[in-house]
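Paired with subunit B in one complex and with subunit C in the other, subunit A is shared by the two complexes that follow.
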Partner chain A sequence: MVYSKNDWNKLLKMVCFILVPFWILNVGQCLVQKDRFDEELLLKPLPSGHVYAYFQFTTVWDAPSGPQMFQHCHLFPRALGEVAGRHNVQELHVTLTEGLWRYEYWGFPVSDAAPGAELWTWFRNDTKDVDNIWKKLTGALSGLLCASLNFIGTPNSLSPEYSFRPTGVVKNSNLNSSFVRYATLPREIVCTENLTPWKKLLPCDSKKGFASLLNAGHIHNTNYHSLGLHIRPVCKDAKCTEVSIELRQTVSLVYDMMILGFQNQDWSLRKLFGLGLSGPCPLATSSFIYVDVTSNETGTPYQLQPEPTEVITSIRGGYESKFKVYNIQKMSFTHMLNIVATYSTPKVYAVNVPPVLYASRYIVGYGQERGGIVTKIHNNHWKHLDIIYLENIPWFLPIYLHTLRVVAGGKEITPILKKYVPGKERSRPYSLEVLLRIPARSVTEIYIEFDYVFLKWQEYPPDANHGFYIGSAIISAYLPVGKNYMGLPQAGPTIYSSFNASREGFLLQLRTESLIITLPTPDFSMPYNVICLACTVVALAFGPLHNITTKRLCMKDGNSCNGLLIRLKSMLFKGRKPQAQAH
Partner chain B sequence: MDSLVFMEYALAGLIRFWLLCSDYRQTVADRVEVSTPLNSWKRVTEGAFLYNEGINPYDGDLFHETPLGLFVFKYMIQRLSQWLGVIFIICDLLTAHLLYRTACIYMKELIEKQTLEKSSYAKDTQGLLLRNEDLKLSPIYVASAYLFNPYIILNCVGQTTTVFTNLCLAATYLMMVKGQQLPCCFALAMATLQALYPAMLVVPASLYIAKKNTCGMSDRCSQIYSPWATCGLFACVLFFLLYFSSQLSGSWTFLHSTYGFILNVPDLRPNIGLFWYFFTEMFEHFRPLFICAFQINAAFLYLVPLTLRLHEEPMLLATSLTALTAIFKSYPCLGDVGFYLALLPMWKHLFNYMQQGFVVSCFFIITSVLGPIVWHLWIYSRSANANFYFGVTLAFATAQIFLVTDILFAYIKREFSLHFGLQREVNGKAAKLVLE
Partner chain C sequence: MSSHPSTTEEIKTVGDLPVEKIDKTDYRIYAAISYFVILIVIGLPLWWKTTEVYRVPLPYTRIAALNESDFVLVTNVTIASLDIDRGKQLASDLDNFFKTSKLFKVHFVVTQVQKQILASAQSIQALELSSVSRRQAGDILLLEVPGLPRFTPSQVLVGRRRIVYFATDTSSVKLTEVLQQWLFQEETLQRMISSMVSPTKSELDLAGRRRMPTASAYDVMVTIVNPDPEKVQLNWDLQEAIENFLSPFLRNLAPLADYNVKSQWLYFVPLQVQPKLVPEQPGIRKHFALSEELLPHIITPLEKKLASHVSQNPCLNFVVYVPPCSESPLYIYRQEGVILRGGVNAFLSPRWGGIIIHNPPQDICDNTTVVEPKPVEADWSKIMGTFLAQLRLLVGVPELDDIPRVSMLPLAASGMRQWELDSLYRVRIMEQLTSAMLTLQSLSQLLGEISNIVIDDEVGDSIQEAVSAVERGIELLHQGNLLAAFEASKQAFLSAEAAFTDPSLLALLYFPDDQKYAVYIPLFLPVMIPVLMSLKNIYLWAASKVRHKGKEKVD
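After this line comes the complex of A and B, so read on.
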């Protein structure tokens, strides 16, 4: 068959007719799938001489709703999307943390995290068999993040009634706490194997942009580092008729410059992360570095090199803070960008002014029989504060609710509200939520007694005498002042949106220390001996009782009832006796 | 005589009152030998507190009393909190008095029986016979053994709910020797409701009541029917109490927290029994098997053989069953041990035939001293481990087993001697007593 030029033209037209709609459809789909990615880095020298670095990567995606929601992803990580979609997740918050955030000396972080792994999730209202789906979700996340999240199940999960509200948009306002699950793994050790899969969820991976600063070697020598992953639905527009999905990936790092081997307090991107910044992530809508220079006005000042592109003054909750802003997309990159902070004079440490609210927790009592947990909550505000205290006690530490004492300044306080779910052996932890009004400028002490449980020998971990961890307690409060507060406002996803964002109250969730206790241990080498000895004692009773009940007493003359030896003898010499008689 | 007994009550009451008012109260209440998960007053307080807070105490892990107990104890804690100590003392003294009355009646019966059967006894057995002074002495010994037994005093001072179980048991014994069917069944059902194991006392109780009520009459029919009637009555009363409990708590879920807890032994806190370390070290695969084996051993294993052997002597049967339960039950405490020890003076006439009295008393003293020491070494100074305490509990159980088997052997030997004389000769040759 021979085609003429006309035929070719016809064919091309036909192909166009067939293909173009598809192409348009494709473009259309891309246009429908609007998404944006923002990368931000906040650097803040802390009053204690540490440097706080907070990375935030925000992806907001106007995802099409429906079952195929996560099948076509652009910037949003499909792996995570599928996990969230399949498990009916409305909100998901995972943090992997090493170290303890010291509220008293460092103020409040942008986002709080408990030591170890922490996971809390709101499932959609139509979810059936939440416990089962929760178990599946933790398994999937464990694979995704290479963390031991698969050890989370019903025996160590709570459904707190008051402490965890959805942070994003909720369709109907009547919340049912049976759809929320919260669990911590305080023993989880966070390391490179968690960082690498976490970085892979970013659009630019660690090749370009701020993520290239996250090198394992420089992250894991910090005093505190925390990886976070937060998914929530947010409003698409001001009217909030439709929702978008927001994924916030965060890294909090606290460096101690003196420990890291630099002789002075000066810090720079290169000192902190090992290398400078090579440029923004090309897929990012915005890339900003903020340096908090508020302390320059009161403490020892430091100079920044190069000069920032902008200076922002933010007034929030009655407190003013100053930021120097580097808009990375507007900067030209001939070589690696290195932001350097130099102190002209050696830094002088001022007297520490602790934040409005902070807490500490410890165990009292000695021996391994019974003890108590004491939580001290410091309120430095001039007015009383209402707080919610959530205690999360594993099942192997039974607490006695009647021993709960809340004392502030020598006076006992009656909690406004108590929500207690008693634990059950091997299937449910003890959860206690207490709503308290703590007086102004006071230290409130919450005390509760517990027993040490004796576990079965196979329930102890291989290093049984290392001890068992108890997850941190959570203290939630609405702070009336913005002092030391760095958290993001509920509506805004970026750090930028927190500037000048004054609200009536600032939601704060403090995490206390996690605790460790050593439960009494049995002798692990003894199972056979114990089984034998105990059964012997039972047999000691069985033997004589069997004799008493089945035999009757009778009188036997000495011969017929001789000992075993004589009977044996008589049996042996049975044959010989007649012979002797024969002689 | 009576004034002596009342003096004893007063003195025992004063000792308990002094200890309850002193700082030792908390120390004693915290001892694992005294307070088990099943009877500790701290857990009762927690249960009552949870109930007042509107939380189902059976939802948690700490409370194991029955709803009836919960109701009574809640009332006591709320309304009579000033008098708690006094209530415990009064209950303990009342138990002692019930046992004293039981011993009085029982000794009288023994002597009556002796005079009836005297003709059939061998000639040289005058020394074995009960004397009239035993009629007075034995009950006083019983009361003293209860009032001044350190185990019982600790049990009362530690404010365990075993005080009330013992009261119910003592009432059962008294009603049993009095031959009163319904009160006996009720008291026994109350004890069973709380501790489950006393259920098997229904066998000696029904035998005793049958024997007592048909005594003198040659009405074989009623002798056969009476035990079944007692068992049936007991079952009815128990079921009624359980039903009442379920109505009080609103559901039957309490069964899992009370009897399920007793039978499955989920709490492995050390006590004086054999279960805790055995099931701590048990391989998970064999757990159900051994739980069944140990529970059968504690509850049913010795019931039938001992009944067949001792059906003539239901009181001894009841005592030995109580003792065996106290040794082998899943959460035994010193209060259980003290209770059956207090019953033993009723068989004062058997003591001559007991061979291991010295060994057993040495064991009791040594283990009672060593127990708290090795516990302290293990739990507080961490210089010993669980094996030490396990060893002590094993020795304690062994001593108790020796005591029970010894008294049963003594009974058999005395019976034999009464009927066949004290001479140990067969055809003029020296002979030995053997079990065959």
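After this line comes the complex of A and C, so read on.
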């Protein structure tokens, strides 16, 4: 089969899309405020025995276009709107993640995130001096979210050509990747101080609605938690003549019920979040809780209490899943709502069936001179898959393109396309994008070598011996089957819109592990030691040199040398007259 | 070396060795001298020069001289009277009064007006619109209107433009009072300057404390707080109300500063204080009381959601708080048992903004057929009217004290009188010039005290610019050109602030001296001691040479 570039464009540039009408009529919405807010929670027991909870808060706003765009906000958070408006942002995606999503055991999440902080932004086409405005944007976001995003600048940002296309609408399909910036901070620790400002951006804050379930104590004891903030322009109506702004705030949590100390697999809202739900956010147009009960048919079944308001069967990409739906707005709240899942029999762990595509990554080599990165990509599909592999290597690890080897099943395969931007010391990271066709049912190894370099002594972070992080690689693929796939369709902002949303293919982005590497670390007191030592040597050398050239050793009885010792002697024995001096 | 035959002979008698010895002593001394020259004469200045903190030469004398230059506001006042002699008499009287003024230098010009012009005017409004009313910014026309009692009971009437109408029988004392207290507001200006120059000794007056500090741009943020959207529903078009009420006023102020208007809605932000329930009494309905001393506690929880992460401008906050029916009507109490005057349920926080409590109408609250959330309509003219009044105070238009038998024309839709704008210009000019001058002086003082501060070319340029802008501003004030003086003062203020707050000043500030010495001493101490000690030998050698020569001459 011959690869054609048009094919790829079709696959990858899903730019303008068909907008499905919103699935709920805006009955209660007033005319003056042109925005709506939806809150959703998806609960899914994973085959590995973990429980996946995914919160999504979506604000869609028909913002007036123009310079005053974010001046007058209603449900849309003003603080964030100001940041986006001032920095000419077209699309903004921030995720703050602790832990690693284990694709092999957990399947695919609704929204992917790299460990640590990840930020990618499309700036508007008319933006001048993108690098400068990017720096300012990261500074403002860092203040907004209390994260160290201000450490993102040109030296650690990429402009990937293929991996990050706009997810929302664009005015013309001529995309210029000089307006996109992508950066990660793999070392970032995510904690309460990020959650609190994130919650403040919600219209109901954490006072009402699903956000009241997000209590720091029950979030930070999870195996994986990820906060997300996604702004993109979407079509206002089916004709797509006007644009609305969509803000999606997400929280992904994975609980391990066994280590939380409940002795059994049963879970409930109260067990997961510490308290029940007191009601919907009154500002929300819709409030839904979905519980994925697909595994009831294949795995250990569980019962739900109370009964759901609705059961939805979704067929997507050839795979059927079942959801029990709780419409929170239609439920009466006399006391806190607690959805309880009870397993009638103890959970039996079946053999893990990994998803269609997953990857792992590690470092090879020994010593502190040369090393290599190996990424293994597993394709479990019966057909070959086309993927884009994006490698994001910091400037202090120079990689060598000629050492790039892609091996699948012992056979070397040639990439369809390679896009390599060599890094520059202290100003640009190494960026490598490889378009590959990986064979069916295979494990593909991507191998590349790098060097270890010395940094300037001020460039080492505090605790330099901890090591240096290398951000995740990103694997983008267009999956032909919907197995394990939970992502949202491009047109729909809500989880609901992903039900029965069968498409030609499903865009998937995987993040691999981030790596840690030990660079040769100097002794940091060395500069001062060197100065002191060098100075002492110079002083030691100078003293005798000076003495030899300016003084002379002479006989004791000589009168020309009236040394200190003699003078001392003469002072001590004052009574005695100095000997007659021969002249 | 010693060429004198007799000396050589003398030494030669001792033996061969001494000749050599003398020569070698000289060489050693030359070596010591060359060490001294290389290390002390060349090395030390070189080291000094290369490790010197970079500083552009600055106009220190001009900065110091700014203190001596006096800020004088030259103002032209035209007295137009029917009788030229009476006009001249008034002018000389007024001139006498204003001679003592420190800030103002008033030039009085007397003209005669045709009686027909005045007689043809049907009302004061007609006069306001006529051609006589056009004046340059800062100038004032005192116009005698013989039939003033026809229009107003007052003796003196201050117009919306730059005209003061006075009746024929008005005394010069009264006119002085009007000029001093209302139009020039000299005392406010003086207090402002003295509080800036010596902040520990004098305090601002009330108007000065309310006025926002000077800046090139301000943010105006209107926030609507609905603490319980389940009970109260507000379908308000805030954006349109802002466009209708606030924008025309702010457009007037555009020459003074930029104003960016923003708005937001906040939900579930409760009052952090518990209002006191006042039960139903004869004549008084049940209501809730919020005493005045609790008001600062309301602002604190709001502050969390008012900050901007992008804008660096000072922000004027205006908050509408709509209490739910269960907590309304809510009234602010000035003190025990006294509801805030004027029935306006609002308060002003100086240099911060204002808060208005908008109670839902009682009939909607009492009507049980209206289901919750109860729709509440906005009384925009009341809300925005209050905000405009507060905005005037925050911007710097003071509330003027009453003068008996003197009144002014009511405000037009634009919300500002021209002479108010002029006095605002004067306040800002004085504030900006004084601030720039003080900033420059403290910068030059700091530079004298802390030797580690770097002044690069850019900062040097903005200091130069600030100094010349202050000088230009003072010069333009002497010429009576208010608008140009304002531009100069703004430039001076911004350049001085930019220079003072430039981060490059601090580049080396935290490089402590002890670290420098820790690095230098291991090298310098062992090297310098022998070199300095050898100075003595050089001196002795030179002295012996001189003595030798003297001897030679004697010989």
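Assume the second predicted complex is superposed on the first by the 497 of 583 C-alpha atoms of A that agree within 3 Å, B and C clash if a C-alpha of one lies under 4 Å from a C-alpha of the other, contacts with A are read in each partner's own complex, and residues count from 1 in each chain.
The criterion applied here is as follows: contacts are C-beta pairs under 8 Å (C-beta built on N, C-alpha and C of every residue); 3 or more make two chains touch, one makes a residue touch a chain.
Small disclaimer: the values here were computed from a predicted structure and weren't measured.
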item	value
More subunit A residues in contact [subunit B versus subunit C]	B
Which superposed partner A:538 touches (first subunit B, second subunit C, both, neither)	both
Which superposed partner A:384 touches (first subunit B, second subunit C, both, neither)	neither
First (subunit B), second (subunit C), both or neither touched by A:550	both
Partner chain(s) touched by A:368 [first = subunit B, second = subunit C, both, neither]	first
Touched partner set for A:503, first subunit B, second subunit C, both or neither	neither
Subunit B versus subunit C as contact partner of A:322, first or second or both or neither	neither
Partner chain in contact with A:236 - subunit B first, subunit C second, else both or neither	neither
Doubly contacted residues of subunit A, that is, touched by subunit B and again by subunit C	531, 538, 540, 542, 546-547, 549-552
Parts of subunit A lying in touch with subunit B, wherever the complex brings them together	366-370, 395, 398, 400-402, 418, 420-425, 451, 453-458, 520-523, 526-527, 530-531, 533-534, 537-538, 540-542, 544-559, 561
Of subunit C, residues touching subunit A in the complex	21, 24-25, 28-29, 31-32, 35, 229-230, 233, 235-239, 242, 260-265, 267-269, 304-305, 307-311, 373, 518-519, 522-523, 525-527, 530-531, 534, 537
Subunit B to subunit A touching residues, read off their complex	30, 32, 42, 45-46, 49-50, 53, 55, 57, 59-62, 266-270, 274, 276-284, 294, 297, 301-302, 305-306, 308-309, 324, 327-328, 378-380, 382, 385-387, 390, 394, 397-398, 401-402, 404-405, 408-409, 412-413, 416, 420, 424, 426-427, 429-436
Sites on subunit A touched by subunit C in the complex	30-33, 71-75, 78-79, 82-83, 86-87, 140, 143-144, 200, 203-205, 207-208, 282-283, 528, 531-532, 535-536, 538-540, 542-543, 546-547, 549-552, 560
